[in-house]
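Take a look at these structures.
There are two complexes below, and they share subunit A, which is joined by subunit B in the first and by subunit C in the second.
On to the complex of A and B.
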């Protein structure tokens, strides 16, 4: 809607000549787009709250957090939630041990070492990894990684479904998150800092490790926390390769069900609406939601802090 | 010619060109970015414990030349040189030369103060640590900050983040950081262009102090600054060759007093009297 060339000529009013309907329409569409995700979050919370409250009116908090036997689908049912919390944390920990060093190394390589050409080739490959459906990772863990680990490390006495393979593949799944977000944070570090370091006789490695990584630290932490949230909520890989058995154990060679795996199992089973197993799904879902929400909150605060440094 | 209205340092350097004790000898230096020849055929000498200023209009290649002296241009893909820069008779661009070793001897201060987002102490200690110095770090830090005329202002807050300092203090911190690795030469790339006049004066005073111990090269687009602080001045300009390509050229290199009172080249005279640039 460009103004005619003589719009500024004397005698013509500066008032808007025509209403800009297109502007209003676009504003409305953008607002709706923003509202959808907010509404979804609110919807999820609302849907979780009611069955969760009902659950805790029948099963006490003491039973939930005070016992280490988990079997809401058994007869008689047991509601000690610790085995699935421990399994979730353990698989997340294994995943982080895999993803942080590899993801960070990849980020340092891409941001500090790679020539533009190499970066142009490597980054899409990394992004392809992020696009692999998690069910593929799950079957890869079950049918390739577990047999391989059994072969190489027989003393581990791996069960055919186990936390180790599941954790390793969850780790591989979140490498792109760590690498890509950390690389963004490192690329945002002003070039003047690198020059300052090089001018003092520092090598590329020292500059990367002592200047760039610390300067990008809060951004990197945010990336790792986001990756942890994704790992904790990952379902398909742990369901396929980690199994559904809930035993209170720390041994990664054992089969263990995570919170997400339990939800998938119970949700796809025959728990009738309104029954206790049905409500358990929501209680576990609430707990998982609170855990990941807390981590995302920390992550958001980190990103905020990170922004303050350079703006 | 009409006299430029600037203060000019007294003729402290010996008058005869032969008396210059060279730290650097630049021989027929051309600098390329890829195929583009940014600076063409520079010959000059940098005297020991003198301040050499490089002036000229934007795009004349003065910063490009400055960055050859510590091989910072190596970090730009495609950058290379022809010709020679001798540093005490050793070719800086010889095959055996390690650019990292070069940068340990030849420090640099940048246009925009660029302290690391670490504590004041860590900023100064960074260079010595990187260069393998571990003992007496407190002494090293205090000495460098004292030489940079910053110690009294920061001695009670060494653990504070360097970014909490003012721009002028940050720039002096960057000078302290460069001094801490005990270089022989300090390159300064428009060190005052982001600073206010008071901070600028402090840096200029500091340069006079540092001149007792260090060889200083300063790029500045401020002619008055060159006249105030330097012993010798190199005037660069940009020229378009027959093929229509712009190259930076060194027009005249002489004692600052001569450059500003009786330049031998018409282009220098035009520039310093403000007729162009």
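On to the complex of A and C.
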């Protein structure tokens, strides 16, 4: 570089003198890393689509959604999917009945009532609860909760594997999700709203229930939807404590297989590639993926919407 | 005037009329939290009590068996888990952290493809783990023909924890204030020099915490491995990435599935080992966060 060139255009010396190919290369590598997540979704969809299409070329949609006997692994096989859908919904419902009140109450306490000290102790413990492997919850449900429930409520006539204790434990599993996401939503509510409420003479309880919770409502709903999707897809607890029997029943005392439990059962067996039981895994997997994907999408949109309000 | 002569403090005014209800509400909230915590305590005590009798060196020195619960161990599960976690750390952590750097430092958030990447990551974080098992079975084991090997398991579980790594690394990077970046850029550093010398060193504690939590999720995961042939009884330690394998949580699942009572004791002992590993990892993560968390 000659000095006169610089002097002629003084502004130019500040601008980028030469393209930095290294910087472009780095940006490209980073973008590729980010695209791995897209590849994952593409991979999941690809893995599901082809065997699912093959499945429905052999089993009609009418058979799949039009009957209530499920037994793809039996001879003769039956492909009425409703028993495992109903079981999934029932166990999810039990879990939500447990987790929403407890999780929401814990969130209100941590966000509105707890001193910083209490919060500093309680939040890590909730994180530990969130980190307990689901196979451990399953073990606890099968060997502790079910015998306990049999002891306390003999009139329920619980089977040794049943939807009730599986659902209860799935509920406990999702408490931390409901609690921590709702607490985030409540903490994001500006203090001005609380002060306004106090200034009008409202008590702490009234402020929490009528001001903070409604203001954080979309965030709370998003947390609950995410928890529902987690519960619906949970595998190990339902496989261990809920069992693999698929009968069309609503009685939570009975053994029942959810969609995830069926996938686990058929997938861990030795269904030969290309056989109908093998393809059934993917068909049920598609159904589960579509259900949870829809719920996750709604949840993510609600979080986005609520972010717009308070930032 | 009587109205003016009786001043009351704001607190008295606020709680006027409903002291009992207020107290009950507070107690109800506190007990909800307490139920969750007591439950965790009960679970830990019960498992420890159940498994206590089998917490001896035989547990980690012997191979699993479904015939002799009194001498069966979990060594192949422990080694399998170590293999899977090491490979997952090698694959998922760099990829996740690089993706997080892209999304926080380079991506123009208005662009449609960046929006899709973001939405996609939050969706993936909530996809059921059994569906990742289907991905591993259909694509990695069958289509790529990696078979039921350590490699297949590690790739599957890496993809599963990747969204968690990305989300937590992004939070850590976002916590570094823009003024640090602007200062570095003003001194003539390029964007990558700024990231490498200023942003990353400042966000390492946060990234490490998130990474440890993501790996502990991977250690406890069992469902995807059910689909990957790890459910069968494996009586040897993996010899390489193309060896077949089992992992600790699946070993536990196998013991639980046995009908004899002794196997439940064995399962409880194995759970104690698993929980001990996870508790140590969680504690390190929480300690790191509290120790190095910087308030800018």
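Throughout what follows, the second predicted complex is superposed on the first by the 282 of 311 C-alpha atoms of A that agree within 3 Å, B and C clash if a C-alpha of one lies under 4 Å from a C-alpha of the other, contacts with A are read in each partner's own complex, and residues count from 1 in each chain.
By definition in this document, contacts are C-beta pairs under 8 Å (C-beta built on N, C-alpha and C of every residue); 3 or more make two chains touch, one makes a residue touch a chain.
All values derive from a computational prediction rather than experimental measurement.
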item	value
Touched partner set for A:115, first subunit B, second subunit C, both or neither	first
Subunit B versus subunit C as contact partner of A:201, first or second or both or neither	both
Partner chain in contact with A:248 - subunit B first, subunit C second, else both or neither	neither
Partner chain in contact with A:56 - subunit B first, subunit C second, else both or neither	neither
First (subunit B), second (subunit C), both or neither touched by A:29	second
Subunit C versus subunit B, contacts on subunit A by residue	C
Which of subunit B and subunit C A:82 touches, first, second, both or neither	neither
Which of subunit B and subunit C A:211 touches, first, second, both or neither	first
On subunit A, the residue positions that both subunit B and subunit C contact, one per complex	198, 201-203
Subunit B-facing residues of subunit A, complex	115-116, 190, 192-193, 195-203, 206, 210-211, 214-215, 309
In the complex, subunit A residues that touch subunit C	20, 22-23, 26-27, 29-31, 33-38, 40-41, 43-44, 46-48, 51, 101-102, 105-106, 108-110, 113, 122, 124-129, 131-140, 142-144, 172, 175-176, 179, 198, 201-205, 208, 226, 229-230, 232-236, 239-240, 260, 263-264, 267-268, 273, 281-282, 285, 288-289, 292-293, 295-297, 299-300
For the subunit C and subunit A complex, residues of the former touching the latter	10, 13-16, 18, 21-22, 25-26, 28-30, 32-33, 35-37, 39-40, 42-43, 46-47, 50, 94-96, 98-99, 101-103, 106-107, 116-117, 119-124, 126-135, 137-139, 142-143, 159, 162-163, 166, 190-192, 213, 216-217, 219-223, 226-227, 231, 249-250, 252-253, 256-257, 264, 267-268, 271, 274-275, 278-279, 282, 286
Subunit B residues within the subunit A interface of the complex	70, 72, 75, 77, 100-101, 103-104, 107-108, 110, 112, 114-118, 126-127, 130-131, 174, 177-178, 181
